[in-house]
Amino acid sequence: MDQLTATLLSAPVLFFILGGLAAAARSDLSVPETLAKGMSLYLMAAIGLKGGVEVAKAGIGTDLLGALAAGLALSAAIPFLVAPALSRFGGLDRINTGAVAAHYGSVSVVTFVTASQIYGSSGFAIAGFMVAVLAMMETPAILSGLLIARRESGKLISRELLREVLFNGSVVLLLGSFAIGMVIGEDGFEPISPLFRAGFTGVLCLFLLDMGLIAMRRILETRALTLRLAALGILFPVVNGTLGVLTGTLIGLDAPSAAALGILAASASYIAVPAAMRMSLPQADAGLYLAMSLGVTFPFNIVFGIPLLRGIAEFAGALL
Amino acid sequence: MIETTPRERIEVLVDAPLAPQLALLAQAAGITGHTLIRTESGQGRHGKWSEDLISGATAKYIFLTIANSERADAFQEALVPLLESHGLVVLRSTVNVVRPDRF
Amino acid sequence: MIETTPRERIEVLVDAPLAPQLALLAQAAGITGHTLIRTESGQGRHGKWSEDLISGATAKYIFLTIANSERADAFQEALVPLLESHGLVVLRSTVNVVRPDRF
Amino acid sequence: MDQLTATLLSAPVLFFILGGLAAAARSDLSVPETLAKGMSLYLMAAIGLKGGVEVAKAGIGTDLLGALAAGLALSAAIPFLVAPALSRFGGLDRINTGAVAAHYGSVSVVTFVTASQIYGSSGFAIAGFMVAVLAMMETPAILSGLLIARRESGKLISRELLREVLFNGSVVLLLGSFAIGMVIGEDGFEPISPLFRAGFTGVLCLFLLDMGLIAMRRILETRALTLRLAALGILFPVVNGTLGVLTGTLIGLDAPSAAALGILAASASYIAVPAAMRMSLPQADAGLYLAMSLGVTFPFNIVFGIPLLRGIAEFAGALL
Amino acid sequence: MIETTPRERIEVLVDAPLAPQLALLAQAAGITGHTLIRTESGQGRHGKWSEDLISGATAKYIFLTIANSERADAFQEALVPLLESHGLVVLRSTVNVVRPDRF
Amino acid sequence: MDQLTATLLSAPVLFFILGGLAAAARSDLSVPETLAKGMSLYLMAAIGLKGGVEVAKAGIGTDLLGALAAGLALSAAIPFLVAPALSRFGGLDRINTGAVAAHYGSVSVVTFVTASQIYGSSGFAIAGFMVAVLAMMETPAILSGLLIARRESGKLISRELLREVLFNGSVVLLLGSFAIGMVIGEDGFEPISPLFRAGFTGVLCLFLLDMGLIAMRRILETRALTLRLAALGILFPVVNGTLGVLTGTLIGLDAPSAAALGILAASASYIAVPAAMRMSLPQADAGLYLAMSLGVTFPFNIVFGIPLLRGIAEFAGALL
């Protein structure tokens, strides 16, 4: 409960709520798309750099390999886990099932970033290498989603799609900044730390303000979201998040990193996957998958998922 | 007076991530050029959309191309299978151009 | 060859803050869809303007809508009282569309 | 005189002058609109947060209520004060009179922000709660302006307009950030203070550079501005500003806050009101009201109004 | 029904730094107004381009102007020497307008 | 060699390389144009301010006049130096020769900024007044390029072009910020130093990330660049840079400032000149001059030119 209050009263989450309230009151407040894109690039570069710098300090260790493998498995597997619920309980056809499932297998960078800020500010510090896991989990789910959508089809992956999976902009930026952080280390990071470390939480506030506006507007304008699908949008993060935390705990991650793996499993993509789905499954309803991932799951994770998964991770860690 | 020649103007409202595909189809139809025009927002039977740089999924462009009627036909033919799946709006009209050999 | 059907294309140059009103008028005329196109700047009898996100008062969009001639007439009729007060530029022409029942 | 020099030699005002000179020389220097909008959002969030944090420290006190009431009264009344001059001396028709008058009743956030930066940097600190007064004064003048423009008309306010008045983007952002600042307090503000406090004056410089360009270009391109109207654009801030300072002094505000109320009364809107006027009074000439508010009154206030109203406030405070 | 009158619609795809020159030529031809429309990118015989704010050299606009046929002719005539050097694409068609005396 | 390693391992250069690699892998990573423009404005304002503040501290001295004269001469002369190579060896016609030559006479602000960051971080500090030289060298080359392109033509310079040369946006911003820095001095700079000094290197990283993307995409998409022209794009910075360093050393600049004059001579414009050329020489191939200046010379300078010219400057300084 304390964790929930601490989350709710942190500046980033309050700005997120402000955005949601403004959109609900149909205020004309808005952040230009270009700036939102810029803040998103900034947050990815910053989180990548900070992760890399930490790894340069702490060393990689064997944890990283286990975490990478676990992340890869979760990203590839979660779409198959959620697909039956989407088609049977949610009533989606095969193509929309695949498209939505891909979103849940992938991750939300900002959910991870917000969690790492909130956890970190109370001394519950996620290991730096989790950024690599974040990058690793961005795109494998796209392939799983496509497999679900067109199981029969022979030619699953075009060259274009493979490039999207391997060299997707956010994957490249996250991994690239991570590598740069590892190369430059704490000393090389010092001159850029005012922008990338000191400015970080403030930019996160402004970005979450915009995300609050976007999420609420998605919910208000959606035509495709049924009550059942909205319920799944809340159930999925709880189930997948718990699965992620337990996996993390079992492979020996410390509690904060296990919680982070939970956050990754719980969160749904709204950057890498939607564009890929629009390209590969144009028949799927973009309004639907964005409403679920941005309108339902993202707010749930920011407000409830972050404290919840920390609680589960601390509990699971204590059991072992 | 300058001589002008009629050519076909095809405009396709298309989702941003699908625009490169249109360019390939146009090329396959022998069309050498196109221009993408920026839109801001819109509304149709599937609801509203507006520019969206975060997910990159719901922005749209107007794909404008000028071609002779033969190539325009070929391009339009190639669009048929995408009309429903990609939710395209396709407009065709006639314009007069100056250096007709370009198109 | 693909069958195309003529429809009316109406383009209205409109101040950004007034665009939602046009959408309502179009809807009242039975038109289900429109697209807003971005402009950069312009010049007319009332001087120059250019995109303006600070005050939000002087940016303009091109409101594009395709409709059958009946609905187009109704929409254009509805625009008459706004022509002067809103400083609209209204253009109408004919285009050929593919799935005519949509418009 | 010292105050004037101090104002003129501060970095933000120098950047404003640089922008004006560049535009006068018809340089092609320009700041993309999107970035200007972003800086404007940033400045509002920052000023709101800082005000809220200060109130969290200092408590609200009874001053706030008096100041809010005074602000509301000034915003609603000033349009009626300036309207006769606009129509009789300025020669405007009823609709343009109403539209221009609404601008003068409302406020300019950046004038307030610049004043608070310049005053604050010489220890003349405006009370935090004045940010709430600023937000309060943004939109009531819209209603007064409409009353002036179409006195007969029965249906004055559409639902759309009411939403614009109550939930205008800048009102929501200012009040929302103010509330967030109050909730998080000094401690919660600390992690975001590098962006919102340390970065503040620098961003203000870049924003004022753009405002200098915009203001000068407005003046150079306007067709509607007569000499008489330009004179009113200078007279209004002096008269309204003095009125504001005196009101503030009489209701017991300290000198800096009384000067701030003067700044609010003196300044004219260029964010909330123009868009609302374009929507509600489309027949009014946007070129005219933007030329007066942005081209004449804004520069006058930035350069002369800020030191002048401080002087008046110090004088009035000493008299009482 | 509203009366509409045919006018000429000229659209010119032009490099951003050259757009002001077109406005001057249009003015010289007696045309009082124009609107610049934003583009995003394009492709032609000279390769690809896309919006470019850093160098400001490769962005393009669509210069749209409505005029009666006399002025449209004069403007188009004035464009001839620029067609090759400025790499212009010029389109001309007919639209119906409402207050024809404006154009 | 140490210098090269230090350059290659600095965060800004690593981000530049990341951008290049991402574009080479045809990743869809991209920075919106508007933000790139904003960062470019920021970098110019910051470098101008910092230069001015330093001059306010150190005084102008006679060095400035010599350096300004040398810069002017280099900017005007280099186009004539490179033109024969462009037309004879490169095979360009007169118009393209003039357009490309103008780029090499002018300068790249970001190359200067990167050099000053990298030099400065190892105590090799460029004098503040070199910013004025940078601004001075931006546009004279435009006139030289036009002279080369149309020697016969009588009416060389339109009023529009003269304004472009004198009041070009980047010239105005650089000189304006420089002047503001001189006026406000160290004390007045202090409140804006968090944005303009602390944030500087971080913004440079993000800007260079974008430049890496742009430069590599230029190379991949160009149709006009021949091997011979690409070779010239590498030869020119070496020759012109050496010329600049020697000139600087001869007129008595200290080693860092002589190296900076070399950087200015070596670098090619991609801001002020391309737009001017598009306007004045529309027949010239924009794809060609941008490929040479942005695609070849810029990366060469960032990675190799910066350490190389420092080495030459130290060597030349030791000889004298």
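We just call them A, B, C, D, E and F in the order they show up, numbering each chain from 1.
By our rule, contacts are C-beta pairs under 8 Å (C-beta built on N, C-alpha and C of every residue); 3 or more make two chains touch, one makes a residue touch a chain.
No experiment lies behind these values; they were computed from the predicted model shown.
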Neighbouring chains common to chain C and chain E, by label: B
Most distant chain from chain A, judged by the mean position of its C-alpha atoms: E
Distance from chain F to chain A - Cα centre to Cα centre, in angstrom: 40
Overlap residues in chain C, where contacts from two or more other chains coincide: 37-38, 53, 93
Where chain A touches two or more other chains, by residue: 32, 34-35, 37, 194, 198-199, 275
Contact pairs between chains, per stated definition: A-B, A-D, A-F, B-C, B-E, C-D, C-E, D-F, E-F
Residues on chain A engaged by chain D in the complex (per definition of touch): 9-11, 14-15, 18, 21-22, 25-32, 34-35, 117, 121, 194, 198-199, 201-203, 205-206, 209
Complex interface listing, chain B residues touching chain A: 15-18, 21, 46-48, 51-58, 82, 84-87
Residues on chain B engaged by chain C in the complex (per definition of touch): 13, 37-45, 60, 62, 73, 76-77, 79-80, 83, 89-93
Chain A residues touching chain F - in the complex, by the definition given at the top: 34-35, 37-38, 41-42, 45, 163-164, 166-170, 172-173, 176-177, 179-180, 183-184, 188-189, 191-196, 198-199, 275
Chain B partner contacts - residues on chain A that touch it in the complex: 33-34, 36-37, 40, 214, 221-223, 270-271, 274-275, 277-279, 282-283, 285-287, 290, 294
